[in-house]
């Protein structure tokens, strides 16, 4: 059991961070603090995605520079592609678990790269997080101007008072 | 309908899935820089007409040619993003296109009355972004792209609800609570999609479906299922997760409530159906147990509890908002049966409910534009001065109860038949009980309109008021639709059956 | 003595460099980490720095509010317009290969990516400016002394 | 596990700091400190992104997460309140229940998650890695993340631009761009 957890300690840490964020959102009464908790929760989810895509010994997914001149660009691209296929085949037989894994092991040239797809997804999620945060803060500023407070208990009391006053008229 | 679709040039129809989403998005950018509200409304009207026509063309394409698939950017599905339309989301396209168009025609006087002049064109732009987001969620075949469109429609919805603050400050707190709960729901959905990606390695829903059956014992997939159901349940206002809906619908501008009530929860319900039937493997043990315990039981509790809460409401729109939560319970019951008959009854109710609630909220908006009504007692004696609106409201109310001669009857009928086929007599009992409770709160409002004497101070003003034509037109189109589709139900029923059959045939059968 | 003299001099030196760095990040996005988002935020940070030091009113003269609103819409239209251009040229939405005949070097893709990132740059820059103007313009409720 | 390489130590340090900052944010009542710590949290996660080979994401998280978000939260805090009231105990219990249920669901799934940094995990051996082999032939730009972001999944980025545009619309609608002039227009 400990061995399983030890191999996945990054996910354990990320889950604890996510729960801290969720706790901050639910526990606080202050509207700004709740938004801070929300962005903490979202940032931790980004960490979950990115740790998923990490490959040990891998490099950032930026391929080697190969556009010295446009002349031999396609030649190089062709050769790079050729290099990829034979390297992949060669890497396949030396890769320790090649037998168990049906598909060929995908390496580009001789270097191993981390998985670029989670990075793209998280670039989108960061922007969504900031967009939600800015609309939330705009609402908090308007609430403060019309209610005079940003504590949700005080706001509920104010609403309840207005309701009961209106009901008696 | 084929005639209408043949109007469009063939090349346009092949790219229809892309254009139907892109037109509102780009028109939203154009509407934002319009100098005044009327121009903004004109741009919005043109864009919704184009989208409605394209929705028609796609529906005809789906009926003739089965699944319509469109690869974005020309990249094949697992690498690129794919738009995938089958019988299931064709129904959604029809509902969003038709209701969006009717709401926009309805919008001009209602928005002019409630939003200040300077902000109207921005308001229309936000509406167009929400409209495009809902269509995007309905069409896309890529899990993460569905999250992006869910966020597009949600962020613009928070803003639209918040714009109700010019008439009632509680719209701000309603929008804030909706934002926090909506974002938690969306983040749970992202966690679920992340786990699915971790288990299957792909983001395309059809591709995921082929890989999930042999992963059904993996705990990552089970956790993904739990998170996706909670996330989408929050968006669809499923019973225990519906706390944001009553305030959001009660304090938003009238136009926003009438549009959201008839489309937003429906799209979220569609995403639940899509994930349950076409992505996860329905025969997997953890999915099968959820049909009864999560969807059917919660749906029934939601039906009864929300309807009871609706009876005791004082604010007219809050009453209808609680009734909407109850109606979502009906759809969940249809989904929970897990049979084709049950799902098609659920989809039929989805279509009918969008017509009923659209008519009811539009009628309330028409009442409000003259007298800014808030409480039910403000509705007293409106039948004398606004007969057209009152009759339309009555038809909508009766359809909500499920009285014969209105379309609500068929959805209750098919739900009952599907429940009996399933042997769930207790579901039929719950259906009848919640219809009786619905009769209680609808009767309460109709009594106020038809029977009660108008308040003495407003008696004079009430005598000669009438809603503007632009509002009565869409209202009466929906009221007539409520009755017309009672006598000609086969079109809607064929769409609902096609949706159920598409859901059952999709995924890894 | 003008207030914040040191800040003003240093800011006058820094702001152009920040903007140039932002544009570098944008145009070099194909080759090294970077792209439309980061560039938009960096250029917005430069103008916000200017506003913090020289006052929001001067910043509004430099980057007026109508321009911010127009640029936000322009960014979305540029992005969508690139997609519509590929549609008009007969390919699927956002399929950049049709943008340039030379398919061997994928120059259509390069043009498309630069155009799309430009659209993202202008939208992100203008929205960050709009949000800053919306917050910075309002009178603070907390008296200055209480900080 | 591969032989002990020193970057692991950096990861452990970053994770420790993230945990400490996260718990500090939750416990703090002074909003100013909480907002600044949120900026610190974003910066540390950006640092961890760099060591996780996610350089584009680190750049964006540092610029957008630590930069703009902190400026926004400070501006909003300037307009609202500096101190958060202490929270009643009942809320803490409710939060604890929600967190323990969600946490249990997540920890339940940890067992089947792929090993940290495993090349043959399902996520790292299908669509994600195909992008690296196909980018040189189909798009021919070195930065694969930009290629995927702008071309393969270009429609996602279009949706993203619309999300940012919608946020800009929202702030313009709710607060207005030059609020100084017309003070107190709404009630």
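Order of writing sets the labels: A, B, C and D. Residues in every chain begin at 1.
Simple rule for what comes next: a contact is a pair of C-beta atoms (placed from the backbone, for glycine too) under 8 Å apart; a residue touches a chain by one contact, two chains touch by 3 or more.
All figures in this text were calculated on a predicted structure; none of them were measured in a lab.
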Could you work out which chain's C-alpha centre is the most distant one from the centre of subunit D?
B
If you tally contacting C-beta pairs, which comes out ahead, A-C or C-D? Let me know.
C-D
Let me have the rounded angstrom distance from the C-alpha centre of subunit C over to the C-alpha centre of subunit D, please.
21
Could you put a whole-Å number on the gap between the CA centroids of subunit A and subunit C?
23
I'd like the Å distance between the centres of subunit A and subunit B, where a centre is the mean of that chain's Cα atoms.
30
Between subunit B and subunit C, tell me the centre distance in angstrom, where each centre is the average of that chain's C-alpha atoms.
36
Multi-partner residues of subunit D (each touching 2 or more other chains):
55-56, 60, 64, 68, 72, 75-76, 79-81, 106, 111, 113-114, 121, 123-128, 130-131, 140, 142-143, 145, 149, 151, 153-160, 162-167, 169-172, 174-176, 186-187
The positions of subunit B in contact with two or more other chains are 25, 28-29, 32, 72-73, 75, 144, 148, 151, 155, 158-159, 162, 165, 169, 191, 197-198, 203
At least two other chains touched by the same residue of subunit A: list those residues.
18, 22, 31, 35, 52, 60, 62, 65, 73, 117-118, 121, 123-124, 126-128, 131-132, 134-135, 137-142, 144, 146
May I ask you to sort the chain touch graph into line, ring, star, complete or other?
complete
Contacts from subunit D onto subunit C in the complex sit at residues 55-56, 58-60, 63-64, 67-68, 71-72, 75-76, 78-82, 138-143, 145-147, 149-151, 154-155, 157-158, 160-162, 164-165, 167-169, 171-172, 174-180, 183
For the subunit A and subunit C complex, residues of the former touching the latter:
60, 62, 65, 70, 73-74, 123, 126-127, 134, 137-138, 141, 144
How about subunit A: which of its residues touch subunit D in the complex?
4-5, 7-13, 15-24, 26-33, 35-37, 39-40, 43-44, 46-47, 50-67, 73, 77, 80-81, 84, 88, 97, 101, 103, 105-106, 108, 112-124, 126-135, 137-142, 144, 146, 149-151, 153
Mind pulling up the subunit B residues that touch subunit C in the complex?
15, 18-19, 22, 25-26, 28-30, 32-33, 70-75
Contacting residues of subunit B [partner subunit A, same complex]:
144, 148, 151, 155, 158-159, 162, 165, 169-170, 172-173, 175-176, 179-180, 183-184, 186-187, 190-191, 194, 197-198, 203, 314
